[in-house]
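Below is the structure I would like to discuss, written out as C-alpha cells.
Order as written gives the chain letters A, B, C and D; numbering starts at 1 within each chain.
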Amino acid sequence: MDDYFGKSRLSGLRLRLYVIIFESDTPAGKAFDVGLMAAILASVGVVMAESVRTINALYGEALRAAEWGFTGLFTIEYLLRLYCVGYKRRYVSSFFGVVDLLAVLPAYVGLLFPGARYLTVVRLLRVLRVFRVLKLAVYMSETTELTRALVASRRKIEVFTVCVLTLVVILGSLMYLIEGEKNGFTSIPRSIYWAIVTLTTVGYGDISPQTNLGQFLAAAIMLMGYAILAVPTGIVTAEMARPHPKRGDPPVTPAPRGVSAGVDPEHAPPPAFCKHCGGKL
Amino acid sequence: MDDYFGKSRLSGLRLRLYVIIFESDTPAGKAFDVGLMAAILASVGVVMAESVRTINALYGEALRAAEWGFTGLFTIEYLLRLYCVGYKRRYVSSFFGVVDLLAVLPAYVGLLFPGARYLTVVRLLRVLRVFRVLKLAVYMSETTELTRALVASRRKIEVFTVCVLTLVVILGSLMYLIEGEKNGFTSIPRSIYWAIVTLTTVGYGDISPQTNLGQFLAAAIMLMGYAILAVPTGIVTAEMARPHPKRGDPPVTPAPRGVSAGVDPEHAPPPAFCKHCGGKL
Amino acid sequence: MDDYFGKSRLSGLRLRLYVIIFESDTPAGKAFDVGLMAAILASVGVVMAESVRTINALYGEALRAAEWGFTGLFTIEYLLRLYCVGYKRRYVSSFFGVVDLLAVLPAYVGLLFPGARYLTVVRLLRVLRVFRVLKLAVYMSETTELTRALVASRRKIEVFTVCVLTLVVILGSLMYLIEGEKNGFTSIPRSIYWAIVTLTTVGYGDISPQTNLGQFLAAAIMLMGYAILAVPTGIVTAEMARPHPKRGDPPVTPAPRGVSAGVDPEHAPPPAFCKHCGGKL
Amino acid sequence: MDDYFGKSRLSGLRLRLYVIIFESDTPAGKAFDVGLMAAILASVGVVMAESVRTINALYGEALRAAEWGFTGLFTIEYLLRLYCVGYKRRYVSSFFGVVDLLAVLPAYVGLLFPGARYLTVVRLLRVLRVFRVLKLAVYMSETTELTRALVASRRKIEVFTVCVLTLVVILGSLMYLIEGEKNGFTSIPRSIYWAIVTLTTVGYGDISPQTNLGQFLAAAIMLMGYAILAVPTGIVTAEMARPHPKRGDPPVTPAPRGVSAGVDPEHAPPPAFCKHCGGKL
C-alpha cells in the first residue's frame, strides 16, 4: 500500500516532500498533517462565518482575505502533491485526490458564480483523512467494522430503498388526488416530498393533510412507517451482531472425539482382534 | 413455476409471444423487458410532470399526448399478455395481472373523473417485476430474506398494531377532552390523528397541545412512544438476527462418533468379542 | 385459572350465565363474546362520530340515543357479571372488572360534567379481552413473548427513563435561560416540554429556538437524542433476541463424561485389562 | 471504596456526621438520604413553579423565600460534607462534589445575574445519587450493564458522530446555496442546524426547503437519514446482545465423545472386571 502512489520511483527533493506531505511517520510529516488539519477547520470556520450577515457586515473584508489566503495555501499544497507523487494519474483520480481538488476549485469558480465559493466546505472531507494519516489504530478498526456492516447490508438496503421509493410515489400521487392543490399538495413531486417527510417521521408540517380522508391515509402511512423504520435498523443491527471472520477463530463445528486427549481416533493403534468374532486381525 | 401460466399449452405465434413477453432468457425477451421498464418509468415521469402547474402550462398538450401514447402501448401489451397466456383466469387474478390492468384502467376512468388518471402511477409497481424478470439472483435472495423476516414477525406486528390502535383511540379522546375544539382538537378522530402523529414521532405541529395539562400528557405520550418505537424494531431485528433453515446447514449438535467412518454406531450390532484382547464378551 | 372467579361455587342460572358471559367454549358463549365485541366497536364509533361537529349537527339525536342504548346494554351486562360471578370482590378489582365499570361510569358522570362521557371510549380496552376469550392461541404466545421481553427489560427502561427525565429538566431550564419568554420558552415546564418534544424527535415546531446559542444547544440535544434513541431499542431488541427458558431446552454445554464423577477420563491411567471380559490388554 | 473519602481518618463528631451524611446503612443515614431526596425534588419544583408567570404573580414571594430556604439548607449540607470528609480535595473534585457545589452556587451568582439562579436545577443530578446511596442492587446491575454497553460502543459512536458532523456541514452549505436567505436558510450555521433537525428526523418545520431542488435534496437527506439512524441503534444493540464476561460461564466446548453415540458412560453396564488388574469385580 505504501507504494500505491509510486513512492519507490521518487528520490531527492520529491521523496523528501512525499514523506512530509503523504506520510506521518516523521516529525515533519506529523507536523504537516496536524497543521493541515488546523488550516482546514479554520478555513471552513471562515466560510461559515462569512455567510452570517451580521458577522459579514463587520469583518467581511478580513474574512474574504483569510479565505483567499487558505485557498492559496491549499492550491500550493495541491500542486506540491501533484509534483511529488509518483503515479500522478492514480493520485488525481483517487478519492482524496478528487477531494483535494474540490477543496480549491469552488473558490476560483466563485469568481464567475459568486455562490459557488461556499462549496469549498467540501474540503471538510479532507479531515476524514485524519483517521488514516494519524494512524489512530483503534478508531481504524472501529471504522472498518462499521464500514463492513454497512457494505454487507448494502444490497438489502438497495432493495429496501427501491421498495420505499415505489411506495412514496404511489402514496404521494394518492394524496395529490385526495388533498389537491388547495391544501398544499400542489403537484405529484411535492406530494412525494410530503410522503417522504412523513414516512421518515421528519414531519416538518409545512405541508400537512387537511381533509378527513387525507388525515386517515396519513395516519395509515405513519403506522406503516413504524414497521418500515424497523427494517433498515434490523438489517444493520443483524449485520453488526453477526460474528464475522476476523473474530470467529475456530470453526463452530464440534471437535471430533479424542481431539482433547490429543489422540486422533483415526490414527489410534488398529485393533488386534475383530470385536465381533474374536478372530485375530 | 415455468408452466404456471400454462406455457406448455401454447404453440406457434402465442408461444413465441409468450417467450418474449413473459420470459427474459432470449435476447428478444430481455429487450422487451428492458424496453417495458423504460416505458413505465417514462410514463410515470410524464404523469408527475403533468401535475406540476408550470410545466403543465408550457407542455401540457405534449404531455397529455405522451400519456395517451403510453396508455395505448400498455393497453396493447395487456391484450397481448391476455392473448398469449395459457391459463387466462390465473394470469388475470395474479398480483402482476391485477397491476397490469390497474396500469391502464385509471386512464380510461379519467375520461369520466379527470382526477383518476393520476392513479396510473400505480403502474410503477410493475417495476418491481424487474427483480423477478431480470433474474437478479443476488437481489432475489436478499429480498427473500427480508420478506421472510417480515412474514415471520407478521403476527407480533399485528398484536402490536392492535395495541397501538387501542392506545391512540383512548389517548386521542383524552386529549379531545383536555384541549377541546379551540386548540385544534376539533373532534375525536382528529385527536386520534394527532395521537398517531405524535406517537410515531412524525410531529407535524399542525395540531399541538396548548394547555399545560395537554402538554404534560403529550410529553408522557412521547416518552411512551420512545419505548413503543423500540418494539417493532426489536421484533424485526430479532427475526433477522435469528439463524434460519436456509443457512443452518449441519445441525449444531456435535457429530456422533463413527460418523466419519460412515457407520452408524447406534445400529451396529453389539460387539461379541473384546477388540483388544479377543476374549468373548 | 378456570376457578379464579369462583365458578365451582355456582349452580343453576348463575352457572349457566357464567358459562355464557365469562367463557367462550360453548356456542352461546362464543356468540355472546362476538356480539359484545361488535357492540363495543359500534359504541366507540358512535362516540367518535358524535364528537365530529358536522355529523353531530345532522344525526346528533340519533347518536345520543344509540350511545344511551349501548350504555344501558353494558350496564346490564356489568350487573349480570356481578350477579353470576362467584368471588365478587375479586372480579370487581381485577383489571377487566375495573375496565368493565369504566366502560359505563363516564356516561353517568357525563350527566353532571358533559365532557366526561367521551371517556367511555376506554371501553375499547375490553376489545383486548378478545385475545384471551377467543383462545387465539397463536396470538397469545406472540403476545406472551412480547410481554415477556418488555417485562424483562422493565428495570433497564426505568433507569433509562429516570436519566432521560433528569436530562430534560436540566436541558429545559438551560433553554429557558438562553431563549427566554420572547422566543416561546415561557416557563421551565414549557421548556421541558420542548426538550421532550426534541429529544424524542417528535419536533412539532410550535416552540423552536431562535437564538444562535439556542439553536446550537438544540442541535447538540438532537445529536445526543440519536444515541439516546438507540438505548431503549437496544434494550428491547437484545431481550427479544435472547433465547429464553421456554425454548432453551437442554443446556448448550454438555457436561463432559466423567466430570460428575470427579474423574478426568483423559488423565486416568490406560486400562490394563478389558473391563468386559477380564482379558489382559 | 468505603474509605475513598478517608473515613478511617475520622473520629468523634466528624465520624458520626460522615456515617449519617455519606452512608445509608444506619437508620439516621437512611433518613438523611430520603429527606435530602425530598428536599431536592421540592426545591426543583419551586424553581420550576417560579418560572411560570401566573404562579409567580400569585405566590412569587413565598416561592422565592422557599428557594432561599432550600439554598441555605443545601449550603449548610455542603459545608457539613466538607467538614466531615477525610480527604477534602478528593471530595471537592469528585463528580458529586462538583454537583453538590453547583447545586447552591447559581443561587448566589443569581444575586448578580438574575437569570443564573434557574441553573440551580442542576441539583437534580444529585437525585442520581439515590441509586448508589439506597443500595438498590438490582437497579445498580442494570445501570452497570447499560453503562458498559454505552462505554463499549463509545468509539464507534465517536467515529459515527464525526462522519455525521462532516455530512451536515456539507449538506447545510449545499442547502444554503440552493435555498438562500429568502427561504429561511439565512446562513451556513443556520443551514447546518436545519440539516441536523432533518437528519435526526426531528423536523420542526421552522425552516423548510421551498424550491424544487431544495425539496429534492431534503428528500434524499431524509432517506439517507433512514439508513444513518440505523447505525447507532445497530451499534448499541449489537453491544447489548453480545454475551459479556460476567455471564459467559463455561466455554461452548463441543460435546465429549460418547455423548452423541447414545451411550451414557455413567449408565453403561458396570464393568465386570477391573480394567487395571483384570480381577473380577
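One rule holds in what follows: contacts are C-beta pairs under 8 Å (C-beta built on N, C-alpha and C of every residue); 3 or more make two chains touch, one makes a residue touch a chain.
Only a predicted model underlies this, so the values are computations on that prediction, with no experimental measurement involved.
Peer 1: With chain centres set to the mean of the C-alpha atoms, which chain is at the far end from subunit B?
Peer 2: Of all chains, D has its centre farthest from that of subunit B.
Peer 1: Counting C-beta pairs in contact, which comes out ahead: C-D or A-C?
Peer 2: C-D
Peer 1: Same or different, please, for the subunit B to subunit C contact, judged on whether over half of the interface numbers appear on both copies.
Peer 2: Interface between subunit B and subunit C is built from largely different residues.
Peer 1: Enter the angle, 0 to 180° in steps of 5, of the rotation superposing CA atoms of subunit A on those of subunit B.
Peer 2: In degrees, rounded to 5: 90.
Peer 1: Sharing more than half its contact pairs with A-D, counted by residue number, which one of A-C, A-B or B-D qualifies?
Peer 2: A-B
Peer 1: Which whole number of Å gives the spacing of the CA centres of subunit C and subunit D?
Peer 2: 26
Peer 1: Mind checking the centre-to-centre distance between subunit A and subunit C? Centres are C-alpha means, answer in whole Å.
Peer 2: 39
Peer 1: Residues touching two or more other chains, restricted to subunit D: which are they?
Peer 2: 189, 192, 201-205, 229, 233, 235, 237, 241, 253-259
Peer 1: Give the list of subunit B residues in touch with subunit C in this complex.
Peer 2: The contact residues of subunit B facing subunit C are 155-156, 158-160, 162-163, 166, 169-170, 173-174, 176-177, 181, 186-189, 192, 198, 201-205, 208, 212, 215-216, 218-219, 222-223, 225-227, 229-231, 233-235, 237-238, 241-242, 254, 273-274, 276-281.
Peer 1: Can you list the residues on subunit D that touch subunit B in the complex?
Peer 2: Residue list for subunit D touching subunit B: 201-205, 233, 237, 241, 254-255, 257-262.
Peer 1: Spell out the part of subunit A that touches subunit D in their complex, as residue ranges.
Peer 2: 44, 47-48, 51-53, 115-116, 118-119, 121-122, 124-125, 127-128, 131, 138-139, 142-143, 145-146, 149-150, 157, 161, 164, 189-190, 192-193, 196-197, 200-206, 229, 232-233, 235-237, 239-241, 253-255, 257-258, 260
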